[in-house]
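Reviewing the structure listed below.
Note that the chains take the letters A, B, C and D in the order they are written out, and that residue 1 is the start of every chain.
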Amino acid sequence: MKDVQGSRDHRGITLQKAGVKDIYLPLEIRVPDGSYQPVLARVSLSADLSHECRGTHMSRFVEELYGWSRRKLSSIEVKEILEAVRKSLGARRAEIELDFRYFIAKSTPVSEAMSLLDYECQFSGVLMEEEFLFRLGVKIPLHILCPCSREISHFGAHNQRAVLKVRVHYPESAFIWIEELVSGLEPLGSAAIFPLLKRADEKYVTEQAYENPKFVEDVVRDAVLLLRSDSRIDWFEVECESAESIHNHSAFAYHSESR
Amino acid sequence: MKDVQGSRDHRGITLQKAGVKDIYLPLEIRVPDGSYQPVLARVSLSADLSHECRGTHMSRFVEELYGWSRRKLSSIEVKEILEAVRKSLGARRAEIELDFRYFIAKSTPVSEAMSLLDYECQFSGVLMEEEFLFRLGVKIPLHILCPCSREISHFGAHNQRAVLKVRVHYPESAFIWIEELVSGLEPLGSAAIFPLLKRADEKYVTEQAYENPKFVEDVVRDAVLLLRSDSRIDWFEVECESAESIHNHSAFAYHSESR
Amino acid sequence: MKDVQGSRDHRGITLQKAGVKDIYLPLEIRVPDGSYQPVLARVSLSADLSHECRGTHMSRFVEELYGWSRRKLSSIEVKEILEAVRKSLGARRAEIELDFRYFIAKSTPVSEAMSLLDYECQFSGVLMEEEFLFRLGVKIPLHILCPCSREISHFGAHNQRAVLKVRVHYPESAFIWIEELVSGLEPLGSAAIFPLLKRADEKYVTEQAYENPKFVEDVVRDAVLLLRSDSRIDWFEVECESAESIHNHSAFAYHSESR
Amino acid sequence: MKDVQGSRDHRGITLQKAGVKDIYLPLEIRVPDGSYQPVLARVSLSADLSHECRGTHMSRFVEELYGWSRRKLSSIEVKEILEAVRKSLGARRAEIELDFRYFIAKSTPVSEAMSLLDYECQFSGVLMEEEFLFRLGVKIPLHILCPCSREISHFGAHNQRAVLKVRVHYPESAFIWIEELVSGLEPLGSAAIFPLLKRADEKYVTEQAYENPKFVEDVVRDAVLLLRSDSRIDWFEVECESAESIHNHSAFAYHSESR
């Protein structure tokens, strides 16, 4: 059968990316205690395409990905996938994004009831010839209470759910756990979010938030100071977006830096 | 050209609905002051299909809808669309849903600054032979403050954005404006939502909410009492969903009744 | 601490539903071979609320759900959750919806390459006093080719991805696997969908679809005949929605029946 | 009342962005014939925040935006909004994104039936001191037919709806209409998309697509050649994403260049 994709192209354009998007895949993610957590990942995978070829071989991306079904994955294996794709497609550059919800067990502050909170996470990797760039992304839900509303009101203060979205790059010689980002950044809101709160816990987080008011700008600046202080991180971006409870829109602050 | 859709079907099944979904259409909605507001509507339109025909004529739905582009619409015109569809397709039953964002001007409680708040609305209509059933739906964003959190805490109380979703049926002899549902139901939260709040307004709504704590259950029960008291309404359903600020999930309450 | 939720309400309204929505939970779903598949479920859980109480105890829903984290689930356990909720909240009626993606291994028609296709599934259950109503929902992606376009054109025919959404009720004495619904309904499109297709497979499904043109109305009618013939099923609804490739909207057909 | 936002900050971080997101606003967009089209815009608006201030004044963004309600907008007015924001907030940099659906009338190829197709568009602007950067984005739905499937199959070829997403930058001295991008790029698919097609039109586009097979890589390369040839454009990015009808995922190609 004729290989139409492999036929010679004459437009002279090496495409930066050609590949697949929105593939769902069951994977397992490494957990600090040595075990693995099964996750549902949504994946996009692509490679550059030489000006010589009319089309990429899309089925090879899919084939490579399904070889990883239900297998264990960390940044090391992300690089392996990209190396295999580069080789299989004869590409210079390959790129992947894996988005998944990851659960972390949390104990409530007073009653110590256990439950699981889910965090939207992303592994993204680019392999450019031999250079591998890996980024870890985590979205951390927070509770924030408005400093202005508290200051100007006789009682009460509007508060709301916010999300702190962070992406970091660290070199291949380093490693950062999702749990490290969460445990460092989650305390930067007015209070943490819990799936389950008994009455004594609810009193605790309500009062904690009232005593600890934060603008989205405060959360981002505190996050910047924390991320700067981690010598493993050589690039980060951080955004805090708040579903304002007195408005029908969001407030946000954003900052990005590289070392 | 052969009419494949019109060919005889032998499976003996009269389908309840066949039609189109997710068509975008610019329309104009009647405003109480006599003017019209341009809106962007997402539309689904269908009819039943006799067991005698293999397929419906999908292009006739689209043709009928585009004839209404940029035209003025209220429940009366919704019935006209369905009558035209029934006739054009030889159907017993036709059904439509139009979803759109509708803006209402709001003045803030203290500084009286004007702005526009958008409400997700729905016109839905069913024409079954000569009987026309019209339903009006509105989603009203609210600010609610937790009575439990307030009661048990020394200071503060968690609060959040909620949405009160209401759908009502009224007979052809009656008429209800979107503005009537909004002005009746919006006060049932702890405070109303505004796109724009100056500092004096923010103090006002913060304190108002603190003095007026509401569970989602409270909002729905108060809405039930209000909707029961409107003699034009002969069916309603109402749900209040709250994006809990101390959790990563929603709380909700729901109730439906017919007279 | 005062139980504000438990305080006496005087509005005289027994609410039909009060509960939680959009909780993410890791679960395991029973597979026909006796094993279990880990899934990510999005859950809503509610109960009715007596006119005597001001609010439901939202934390009890969450507590009950987290007790099921990473545990094995089928319709039997869905009933157990609802029984526990009814008891814990003193409710007459409890209701749950669990939505999750479920993977089934598929072999391509010619090259017999294996891959995994994901299906959006739903377990929904209502327990009304002692009566338990369970519904299984599955969304099956299909490839459909337009009979009209094929008939009127000299060559080619437009085709597209469609989704066949089915929900069935069967009594407690019966049991239906997700795999059974998929294997029965998936052949009703012009061709099945595969994550991975080698060139010989692509030729096969292209030609199969061309020889087997289907309107959404055809798919739904064929599904009705199949579902009627399954004596275990005493209610079903079925919809086929097609992302028309020559339009920017969808076409759909819908039918529902009970025995 | 105390200005908490304006209080002195000591963390020494000038934030790159602080502002508002997901505000809905009714606007009017300039049309080539000199008239204006009412649209529903979703807006985000932000400015940088000096290291000296604790928070930005969020209400000023909202106030500025609502001043533009129902007013006429093109790239010139986008700059005016940003200038007003920079001044009002004492910022160096201001940034806006406006997303809206825009309708263009289309006549079908044979029967010349008129209907309206909606395109998702974006105006994005950055004002950095005196330098203004404006980008126009348009998403164009297309019908594409797979060259490989056609080549290897005895009859038929799988085809599907795709979307060509383009963003271009042009200098302040130039101007490009949405209609120009659409009329240039829409012919690059296998066939154009129409909301309404009569039977003679359906035959036409079916056969046109079969004679004009295109990979997503073909569409992007043809778009690159076209965009390069427009001397007004000094930066562009273009992506074609195809909802593969034989798979449950998308294929895509992407390229970006500056002059």
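Keep in mind that, in the parts below, contacts are C-beta pairs under 8 Å (C-beta built on N, C-alpha and C of every residue); 3 or more make two chains touch, one makes a residue touch a chain.
This is a predicted model, so every value here is computed, not measured.
Asks: Compared with subunit A, which chain's mean CA position is the farthest off?
Replies: B
Asks: From the C-alpha centre of subunit A to that of subunit B, how far is it in Å?
Replies: 35
Asks: With centres defined as the mean C-alpha position, give me the subunit B-subunit D separation in Å.
Replies: 29
Asks: Using Cα averages as centroids, what's the distance between subunit B and subunit C in whole Å?
Replies: 26
Asks: Of all the residues in subunit A, which ones touch at least 2 other chains?
Replies: Each of 1, 23-24, 62, 118, 148, 152, 195, 197, 199, 203, 247-249 in subunit A touches at least two other chains.
Asks: Could you draw the chains as nodes, link the ones that touch, and say if you get a line, ring, star, complete or other?
Replies: complete
Asks: With touch defined as at the start, can you tell me which subunit C residues reach subunit B in the complex?
Replies: Subunit C reaches subunit B through residues 1-2, 4-5, 9, 11, 13, 15-24, 44, 46, 49, 54-56, 58, 62, 147-148, 151-152, 215-218, 220-222, 224-225, 241, 247-256.
Asks: Using the touch rule from the top, collect the residues of subunit A that touch subunit C in their complex.
Replies: Within the complex, subunit A touches subunit C at residues 1, 3, 23-26, 37-40, 59, 62-63, 66, 69, 101, 103, 113-116, 118, 195-200, 203.
Asks: Flag every residue of subunit A that touches subunit B in the complex, lowest number first.
Replies: Within the complex, subunit A contacts subunit B at residues 117-118, 141, 143, 145, 148-149, 152-161, 191, 193-195, 197, 199, 202-203, 205-207, 209-210, 243-249.
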